[in-house]
C-alpha cells in the first residue's frame, strides 16, 4: 500500500505554515520575511498536492499548485525589485529602520 | 543499479579524458606537444593532477564562511552528477528512466547556480563574489535560449522522456512502447511521402527530421558553452580581470571537485545535445536498400551488441562535441559582458522564440 | 565607439559568421598538422628553414638542437698543460677561479707547447655557478690549457658540486710537495747559512792571520 | 510502515528541521540555504505524492528561480566588506504565541474535520498506473478546463516582469 | 465538423483558393528576403518588392474577375485539434473565404501597395535601411491581405495583430527620431486597448457558438429566433441542444468586436494615435491611411455585420458620427500638411463607421473604396510637396524651418503644376464635389444616415437626428479645411524659398516620373465615372451592387433583424431624402470652400502666416490640440491612478493613523482625568481603575506602533478568534 495518509501531510503543511508565519512576524530583514512568505506558499502547495492525491480526477490540486508557483515567482520578482529599490534609497533593508526613516 | 554505477564510472572516466584532451588539443593547436611525461604521451596527466590535488592540504581561508565554503563544491558536483542519471547510454541502459527527463535536467542544471553562489559568497573575496554573480547572471540568462531549444525538440518529439526521444531518432522506433505505429518521414514532411522509419541512420536524427532544429542545435550548443562558463563565454573566470572567479580561494580536493564539476558539466551538456539533436545512441549510417548498414551497426537491443554499439555511437558523437568545445576555446577570444548579454537576449532568444513557433507549426501541419 | 567599429568592419551576419568559421579553420589546420614535428637540426642544415608547419617544441632531455663546435659553455682546464701562472684568476671579473700554487723542487715537466712547468697546482677550482662565461680567462691563458667546451647541460642538485676541481694532486700529494719544497728551502737556507758562516770564519781567520 | 511512509516522515522531518533552522539562524544567507533544504524536501514529498511534474516545477521555479533571486537580493543588499549578513529577531514572544495558537487551531481543524474520503482509495493508485506521469493530465487540463486561469497567470507573469524591470531601473530623472 | 465545414469543392474553387494563398505569401516572401539579404541585392532589392507586389496585384485582378458577382469560394483546411480530456476532440479549421468584398479589398490593397512602393523608390532613395523599409512594407501588405482572406476570427485576429506590429515598425521607421519612436509606441498601445475588447468579443462568440468560422457563425446567427429579450438558436454543430442567449450578451459581444475597430480605425476615443503616426515616412502614411490598416476596422465591421444587435449598431453610429465631427474640427486648426490629412482620415473613417452603424453597409464600403484612392493620392501629393521642400531646404542648408508647415508653402501651382492638377481631383473627391468619387460615397452614407434617423424617430424621438447633423456638419468642415490646405500650398507665392527652381527636380521636370505616375493614376481614379456610370447616382455604382448586404450577407442581416430592410423600405417611400441630401451636401461643401477662401484671404491680409505661433483663440486652440484628448488621457487615466495611490497613502496616514492617534490621545486624557479624580477623591479601588485605563491606553498605542509585522500579528489574532469560534460551536 504505497499510500501516504492525508492527515500527516496536512499536519506537515500546518507546521510549515506556522513556521512561515513566525518568520514573517519575527524577522527584521525584509528578505527573510520574503522567505517566510515563500514557506507559507509551499505549505499551501503541499495541501493542494495532498488533496489531489486523494481526489485526482480533474487534477485540480496539481494544476493549482502550479499556478501558485507561478504567482510565487511573480511575487518574489516584484518583491525583490522593491526591496532592492528600498535598499538603494535607505541603504538598509531592516524593516524597523526603514520605518524610522519614513516616520518623519 | 548496474547501469547507474557503469554510467558514473564511465562518465567520470570521460571527464578525466576530457581534461587531458583539453591540454593536448590546446597544445596541438598552438603547435606545442603538451604533457608527455606521465605515462606514454602523458595520458596519466589528469589522473596525476587529481592525485596531486587530493594529497594537498585542505586550506580554508580564515575570513571565509567556512560552512558555505566547504559545502559549495559538493553541491555543485552533486548537482551535475545528478543530471547524468537520466541520460540514456544505450537502448536498454539508462540510470533512471524518468518520464520527465528533459524537464528534470533543466531543473537540475539550475541547482548548479546555488553551488556557484555559495562558493562565491563563502570565499569572502571580491573576485569570487564578482565571478559568481557574473556566472549566475550568465547561466540564468542562457538557460532561456537553451531551454527554448530543448522545448522545440520536445515539441517535435512530443515527449519529455530522453529514452523515448532517443528511440524516435532511429530504426528501433517502433520497438518503444507507445510508438508502435509511428512513422518517420524524411524532413518530417508527410507531403514528400518518403517513409524513412526503417531507413534510420542520419535521416531520422532530429536535426534532419525537422531541419530548422539545426539552428536550434547551434544555438543550444553555443548557449551550453555559456552555461559551462567555457570560452569564449568564460568571463566569470576571466583570468586577466578576476584571477579565477568564484574558485579563486579553492585548493586541494575542493578545487578538484570544482574542476571535475566543471568538466562534468561540459560532458553533460554535450550528451544532452547528442541525445536531443544528433540521434542519441543511434547509428548515423542509414539502411540503403539491401545494404542494411543501420541494422548492422545497431545490434540487438538488450544484448551485448546493442549495448556496445549504442555506447559507441553515443560516446563517439559526444567526444566530437567535446572536441568542438575545446577547439572553440582555443580559437576565440573572450566576449565582453555586454556582448554576451546582447547575444543572449537580442539574438538568440528572439530566434529561438521564432523556432519554437516553427517547431509547433511543423508538428501541427507537417508530421 | 560603436559607430567607429561598425564603420570600420563589415558587421553583417554572414561576414561575421564567415570570420568565425575562418578562425575555426585556422586552428583546425594547426591541430591536424600536429602529426609533423620539427627536426632537431642545426641552422646550417639545409632542412632548417623548410619546416614551417607542425609542432615546434623539442622534448628537451631526449632531443636537443646540436651545439656548434665553437660552443662556449662549461670551462675546462687541461691540467697537464697548465703552468699555474694565475693569469686566469687575475683577469676573472667575477673571481670564480681559485688557484693555489706550490713551487716545484725541480722542473716537473714540459707542456705540450714546450713551456717548462715549475709550479704545482695545489688547488685549481672554478666555481661555475659564479662564472659569467665571458671567456677572458681563455684569452689570457698562455698555454691554451683553459678552454670553453660545448657542454652546456650540467645542472646539479647541490651548488657545491658546481665547483669544479681540476688539480691532479690529491691533498696528501700537495702536502708532500709542500713539505718537499719547504725542506728544499730549509736546505737552501741552511746551505746559505753554512756558506755565510764559512765566509765569516774565513774572514775572521784572515783577520787573525 | 511502508517504505514510502518512512521516506515521507524523513523528508517531513527534514523540511521542518530546516525551516526551523531558517528561523533560528541569524545569518540571512544561512536562512536562505535552510529554505533551500526545505524546498528540496518538499519536492521529494511531492514525488512521494505522485506529483512528479509539480515536484520538478518546484525545483525549477523555487530552487532555480526564486531562491537564486533571493540570494541575489541578499548579496546585492549587503556590503561585501561590511558586517556579516545578520538579521535580528523581534516580537519573539507574541509571534510565537500567535503562531502556536494558529497551529493549534489548524491541527484541531485538520484532526476533527470529516474529509469524506474513501480511506485506502483505489482511484489514486489506479491513476498513476494508467499514465506514466501526471504531466499529460495536467497539460490537457491546463489548456481545456483551466485555460482561463492559465492565460491570466501568463498575463500576471508578464505584468510582474514589466513591473519588476520598471521598478529596478535607475530613475534618471532624480 | 469537417463534413459540415467543407462542402464539395470544385477543382476550380480549390485552385482559386491556392491562387489567393499565393497572393498572400508573395509580399511576405519578398519582405522576408529583403530583410535578410536586402543589402546584398542590386538596388537593395526594391525591384523584388515591387515585382512581388505587382504579381500579387495581377493575381488579385484575376481572382477579382473570377469571383466578382459570380461565386463565393470558401475553402477550409483542418488547422489543429485539442483533446478535451475524456470527451471528444475539438477541431479547428482555417481557410480562405473569397467573396465580392474580399476580392475587392485584395485588388485595392495590392494596387495601393504597388503604387506606394513605386513612389517610395524615389521618396526613400538614399535612405539608410532602404531595404528594411521595403521589407516592412512587404510584411505589412502580407498582414493586411491575411485579414482580408481569413475565414475565421482567430486567424483574422492573428493577422490583425500582425498589422498592428508591422505598422509599429513602419511608423517608427526613423527610430533615430524620438518622436517617431513615441508615435510607433503610442499607435501600438492604443491598438492594444482596442484589441483587448476585440479578443473578448471573439471569446464571447466562441463560448456561445463553439466555432471561430465566420461563415458558420453567420449561418448560426442567422438562424436565431428573436424571443423578446433573448435569442433562441437551434442546435448548431457540435452542440446537442438548442441554446438561448440573452440580448445583452450578444450586444456586448458585438461591442467587443467593435472595440477592435475603434482601435484600428482610429475611432473616438482611441483616435489619438493616428495624428502622431504622421511621424512615419509619407508613403507609409498613404498606405496605412488609404487602403490598409485603418480600413481593416471597417472591413471587420462589414465581415461581422450580422453579429451586431440593434443597440450595438446604435453605439457604432454614435461613435462614428462623433469621430467624424471631432476629426473634421481638429483638422480645421492644423497647419502641418500631413496632420490635416491625418485628421481628415479620422473624420472619413468616422463616416464609414457611422455608415455601418446606421445600416448603410454598402455605402460605407463604397466610401472605403473611393477613400482609399483619393486619400492615397492626397498623401502621395503631400509627399511630393514635402520632397520638394526638403530638396530646397537642403540646398539652403536650412534646418530650422518646418518643411511640413503649410504656412511655409505657397505658389506651388506654378512650380509643381502636374502635382497641382493631380491634387485637385483627389481633394475635390474628399470634399465631395459632384463628378468626383467622394461625392457618390459620401452622398450614399448621408442618405443612409438621414433615412436611419427618420426611420428610428418615427416614434417621436428626434434625438436620432443628431447623427445626420454631425455628418452634414462634417461636410461643411471638410470643405473648409481642404480649401485651406489647397490654398495655402498651391496659391499665393512661396513663403520660404523664393527661387522656384530649387523646389523642382530640374529645369524640365518638376519631379521624378516614378513619383508622378502613381499620383496621376490615383488622381484619375478619383473621378466618379470609375465607380458609377451616372456620376450623380450612387445606387447604380457597380461597387454598391457588388457589396450590397443582400449579396454579402446572403439576405441574412443577422441580429439586427429587420432593421436593414425596414430602412430600405423607408428610404424608398421618402424618396425626397436622396435628392435633398445631394443638394444639401453640395451646398455645404461649397460654403465650406468659400469659408476656407475667406479664412485664407484674412490670414494673408493679416500677414499672419507666422509659422511659430500656435492658434491662440479659444476654439481653434482646442481643435489644434485635438480637443486635449492626449492631455485628457494623461489626466484621466494616468494621473488618477497616481492620485488614487497617493490618496490611499494619505488616507492611511491621515485618517486611520490620525483616528487611532486621537483614540490614543483620548485614552490618555481619560486616564489623566481619572488620575485627577483619584488623586482628589478616594484612592483604593479608584487606583485600580486608573491602572485599567492606563493599560487600555497602552494597548491602544501598542497596537498602533506603525510596524507592519505587529499589524500582521493583530490580523492573525482575528484568525485565532475564528478558530475559537469554531471550537466553541
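As written, the chains take the letters A, B, C, D and E, and residue 1 is the first residue of each chain.
The rule is simple: a residue touches a chain if its C-beta (ideal position, glycine included) is under 8 Å from a C-beta of that chain, and two chains touch if they have at least 3 such contacts.
In this text, all values refer to a predicted model and were calculated from it rather than measured experimentally.
Shared contact partners of chain A and chain B, listed by label: D. Ranked by how far their CA centres sit from the centre of chain A, the chains are topped by C. A comparison of C-alpha centroids places B closest to the centre of the full protein. Between the chains A-D lie more C-beta contact pairs than between any other two chains. Centroids of chain D and chain E (each the mean of its C-alpha atoms) stand 46 Å apart. Between chain C and chain D the centroid-to-centroid distance comes to 78 Å (mean Cα coordinates, whole Å). Taking each chain's centre as the average of its CA atoms, chain A and chain E sit 45 Å apart. Chain B and chain C have Cα centroids separated by 58 Å.
Residues of chain D found to touch two or more other chains are 53, 57, 65, 72, 90-91, 94-95, 98, 102, 106, 141, 145. Against chain B, the residues of chain C that register as touching in their complex are 20, 23-24, 26-28, 30-31, 33-34, 54-57, 59. Those residues of chain D lying in contact with chain A across their complex are 2, 4-5, 8-9, 12, 15-16, 19-20, 22-23, 28, 31-32, 35, 38-39, 42, 45-46, 48-51, 53-54, 57-58, 61-62, 65-66, 69-70, 72-74, 76-77, 87-92, 94-96, 98-100, 102-103, 106-107, 110-111, 115, 117, 120-121, 123-125, 127, 134, 137-138, 141-142, 145-146, 149-150, 153, 156-157, 159-161, 163-165, 167-168.
Taken together, the chain E residues at the contact with chain A in this complex read 706-709, 712-713, 716. On the chain E side of its complex with chain D, the touching residues are 82-85, 709-710, 713, 716-717, 719-720, 722-724, 726-727. Across the complex, chain D is touched by residues 65, 67-68, 98-100, 103-104, 106-108, 110-111, 113-114, 117-118, 121, 124, 126, 129, 133, 136, 140, 143, 160 of chain B.
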